[in-house]
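The two complexes that follow have chain A in common; it is paired with chain B in the first and with chain C in the second.
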Partner chain A sequence: MANTASLIICEHCDSVYHKVELAKHQKALCQRCGAVLQRYNGLNIQQRLALSVTAAVFWIFANFYPVMSISLKGLHNSATLWDSVLALSTGPITFIAGVAAISIIIAPLFQLVLLIWVLCFALASKRSPAFKTCMRWLETLRPWSMLEVCLLGAMVAVFKLAGLLDVLPGIGLIALAILSLLIIRIAGRDIRDLWDTLP
Partner chain B sequence: MSEPVRAADLNLVLCHACGMACDLRGQPSHCQRCDAPLHWRKPNSLARTWAYLIAALVFYVPANLLPVMNTSLFGAGSESTIMSGVLEFWEHGAWDIALIIFIASIAVPATKFCALGLLLITVQIRSDWARQQRARLYRFVELIGYWSMLDVLVVALVAALVKFKALGDIEPRLGILFFGMVVVFTMLAAMSFDPRLIWEQEDDAGHP
Partner chain C sequence: MTPDTPEGTPSPGQPAVKARRFSVSLVWIVPIVAVLIGISLVVNNLMGQGPTIEVVFKTGQGLEANKTAVKYRNVVIGQVTTVDLSEDQKSVTATIKLVKQAENFTRTDSKFWVERARIGASGISGIDTLLSGDFIGADAGQAKERSKNFIGLETPPPITYGEPGKRFILHTDDLGSLGVGSPVYYRKIPVGQVVSYGLEADGNRVKLEVFVHAPNDAFVTENTRFWNVSGVDLNVGADGFNLRTESLSAMLVGGIAFRAPDYSPEDQPAEQDKNFELFDNRQTALAPPSGKAQYLQLRFDQSLRGLKVGAPVEFLGIEFGRVVSINLDFDVQQRIFPVIVGIVVYPQRLGQAHTKMLKVLNHDPDDEKSAVRMINTFVDNGLRAQARSGNLLTGQLYISLDFYPKAEKVAFDAEARPVRIPTIPGSLQQLQEQFQALVEKVNALPIDRIANNLDRNLVELHKGLQQVNTKTLPGVQGTLQELSKTLQSANSTLADDSPQREKISQTMDELNRMSRSLRELSDYLSRHPESLLLGRPKGASADSPSP
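Moving on, here comes the complex of A and B:
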């Protein structure tokens, strides 16, 4: 069987290229359809693992501290991410609570757990147990993890309520902001490089 | 500029899960590297995309007509739909917030319907019109897809916060369910569309 490891296929138009070495800030584009084929991967395994652990800490903060709190005529109330999932789960609309729970709590959590698991073994240049399954799940989860949307949603909610009552952003909101940026950085497509670095 | 070689002509196929170029000789059904199922094109791409798209269109109607939340403050209750939420911000002078919600909740789904419909029809008539632009359009649809979840999350947060019984209470309403379904179905539609079909030519019809 011919060696195909050095080849790269454009997923948008099926063109075949040889892989290239990229320098900082460079990316390789498909000549036919203009899609990005390769992007420079600026993180080594240690750095990515360190960022994953950091993100896990921020996940805890984002989930256990209120995203924001309000006060109205001396009454106070605050809400965590889980509270907002619960708020959707009443009555006939429970299904959408499930979607929300997956997109803002469960998918990011699984991404982080899988990343830390895979990267811990990668640090010792080993493939983790169930490496293939973990890597495939990381691909599957990516489009359903919507923390950055949740972040914008929280900001819109602040403005929506600001006219009616007093709103205070909480620790959870700051953690959410950092977490969403970290996830974009560490759980992107470039984790596929692990396939090549771990024989 | 010479056209790059196509994977089909080399008997190669891309593994969608790990990005490996898999050799199709010997007819493997799974990727040698990650065990994900291999397919020449996403299975039943056009039929599935149409199905998800039409389902999303059907849900789009109640999503916009039914109220998404019910606000009662100091005893006065009001139901609001997505559009009335946008208008409320607009009238209060917060045009920037109004614009964000309008783009995320109304413009993005509408753009997705038009774009995916256009892609499906042009692929079905095997048009070679503006292929590069259509490829770019597909990537754009993929990119903007999940931002429509914005309104669902806003309603969730607001409803979780304002819980003061008689003094003030915000509850989600049925419209938000349909709206969420629109987002999920349009995302599934975009995922099941195979952009490689855009580049398919007449002579590819008989391929495996």
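Moving on, here comes the complex of A and C:
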């Protein structure tokens, strides 16, 4: 098998290219279909790990502090992410509760755990145990992690309910926002660079 | 400089490059900041966490874990975290997490109760809980000690949140129709309410706690008297009928009124938690202070129907005690049944007389012997007890102590306890006796004989009358008839058309004519007196008077 490590394939039209070293603010485009092949990766392993740890901390905030609290004439209620999953599970669409739990709690958690695991070893320029499985799972989990969807939903709820009830965004909502942005940044497609950097 | 180079020209050397073993990027500040924020949040949370307490309620109605709030002045100071059945399954334990600022609510005398919508005599409360759900009300205590376990009240305390005012303790024999929330009146204005009530430790009396709101609490003075104004006070006593009410609401839910006697010199506002006596009515409440009680015994030898326990005892018309017992006794020597009446008198109620007497006689009110000596003097001066009729309508009796200087001397036993005051029969009794004596005298009259004599006389009279009727009266009748006849004939004689009357009339006419001719003659003669001698001249008419 020829050494293909230095080649890159366009996701959209399957053209094969040589990898190029990119400087700041640069990106590589496919000549045939114009899709983005590579972006400049501004994060080294250490930064990525640091942000992963930060994201893990915010995951904890997002799950243990109420996302929002509403009150109406003395009636008071506040909910964390987990409360919302439980609320769904008692309703007629229990199945959706499972999907919600996976997409807003479990998938991000797995992503973060796997990232931290892999990056810790990468920091020492080593492949972690079960490196291949971890990397594949990271790829698999990406579409399942829908924190930004949840965030948007929560924001819409806050704005829509604000007219009817007194709605207070909680610490959880802020943590959720930061977490979703961080996950987009650290668990993006560019983690596949690890395949190259780690022999 | 290195002198050992072959060319002799110095050249720069290579510095040793040492790689840092662990190069730590500045990016680690980001997770550190995140962790610090997290720690600060947790610490803040822990610091803000107040004490956890347990409150026992009878039921868990309206209590929900993690939802029911604990409120003070409508501000949330905590939340119920769990609601559990107690181990003996007789009550419900609510675990409450208080906020940091609510430290005061762990004082042992803090109060907790479930605030629900309630409808009571004093109005409707807690309407907002219908919407927001029940919550636990709290009131901070004053005690120094702290506690973790509290017993929840079933009803909200009527006075909360450190309202300005004073609490007072009242003692009474029974609660009457009072209850928590019963109003307290001062000059018929509601100024406070009953806060709580309960039996005293020995169970013999009732203790009431009342709260009087500021600024009216200043009117509760050291001399103030409290009395019950519940319902309608209808009295039928020796002093007649007496009806008194305070207000419609007091009639329904009871009430207490207070007032200081009109003459209360040097009166000070009372201290918080001062003890007062709660009197049954205004009259007894505003009576002068009773002072030390003196028990006396009276022996009456007559029936005392109408004398009741509680009847007043008067001294020279001033009420200063009451009857406490009425018992029948048996006198072994005389074989009669005397009535023994026990009375309690309060000499201090006599007011000025009592104080002056103490001063003059140099008498110590606590010295029993000297008191007995004083009573002895009074008895020697004619002090006697008498059961008098106070009200002829109801027949109630009262005991009157009075001086009767003419009363028989009685030996006073100074050693006897209780002290006995000699008695004299009651006024009605005396009246009865006099009446009886009169009746006896009347009884002694020979009424039978008198009646017999009278009867005989009447028979004689009857006989006499019969004689008159049969013998005398017919004669009288004949005489009367004769008289009638005579009168009749007289009548006929004098009638208009009787011949006698006619004759008389004719006679009278004749007489008339005769008198006229006589007058003519006399006239003629006066003009012609010579005619007496010469007779009538010629040509001279008898009628012409011309000469």
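The definition used in the following text is that the second predicted complex is superposed on the first by the 197 of 199 C-alpha atoms of A that agree within 3 Å, B and C clash if a C-alpha of one lies under 4 Å from a C-alpha of the other, contacts with A are read in each partner's own complex, and residues count from 1 in each chain.
Going forward, a contact is a pair of C-beta atoms (placed from the backbone, for glycine too) under 8 Å apart; a residue touches a chain by one contact, two chains touch by 3 or more.
Remember, it's a predicted structure, so these values are computed and weren't measured experimentally.
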{"item": "Combined model on chain A: chain C and chain B, fit or clash", "value": "fit"}
{"item": "Contacts of A:Leu51 with chain B and chain C, given as first, second, both or neither", "value": "second"}
{"item": "Partner chain(s) touched by A:Ile60 [first = chain B, second = chain C, both, neither]", "value": "second"}
{"item": "First (chain B), second (chain C), both or neither touched by A:Leu173", "value": "neither"}
{"item": "Cα-centre angle that chain B and chain C span when viewed from chain A, reported as a multiple of 10 degrees", "value": "100"}
{"item": "More chain A residues in contact [chain B versus chain C]", "value": "B"}
{"item": "Partner chain in contact with A:Ile191 - chain B first, chain C second, else both or neither", "value": "neither"}
{"item": "Which superposed partner A:Leu88 touches (first chain B, second chain C, both, neither)", "value": "first"}
{"item": "Partner chain in contact with A:Gly163 - chain B first, chain C second, else both or neither", "value": "first"}
{"item": "Least Cα gap, in Å, left between chain B and chain C after the two complexes are fitted on chain A", "value": "6"}
{"item": "Shared chain A contacts, counted only where both chain B and chain C touch the same residue", "value": "73, 75, 77"}
{"item": "Footprint of chain A on chain B - complex, ascending", "value": "1, 3-8, 10, 12-14, 16-23, 25-26, 33-36, 73, 85, 89, 92, 94, 97, 100-101, 104, 131-132, 135-136, 138-139, 145-147, 149-164, 167-168, 171-174, 176-177, 180-181, 184, 187, 191, 195-196, 198-199"}
{"item": "Parts of chain C lying in touch with chain A, wherever the complex brings them together", "value": "23-25, 27-28, 30-31, 33-35, 37-38, 41, 67, 69, 128, 131-133"}
{"item": "Residue numbers on chain A that touch chain C, as the complex places them", "value": "44, 46-47, 50-51, 53-54, 57-58, 60-61, 65, 73-77, 171"}
{"item": "Touching residues (chain side chain A, partner chain B) in the complex", "value": "1-2, 4-5, 7-17, 30-35, 67-70, 72-73, 75, 77-79, 83-88, 90, 92-93, 95-97, 99-100, 103-104, 132, 135-136, 139, 143-144, 146, 149-150, 152-154, 156-157, 159-161, 163-165, 192, 195"}
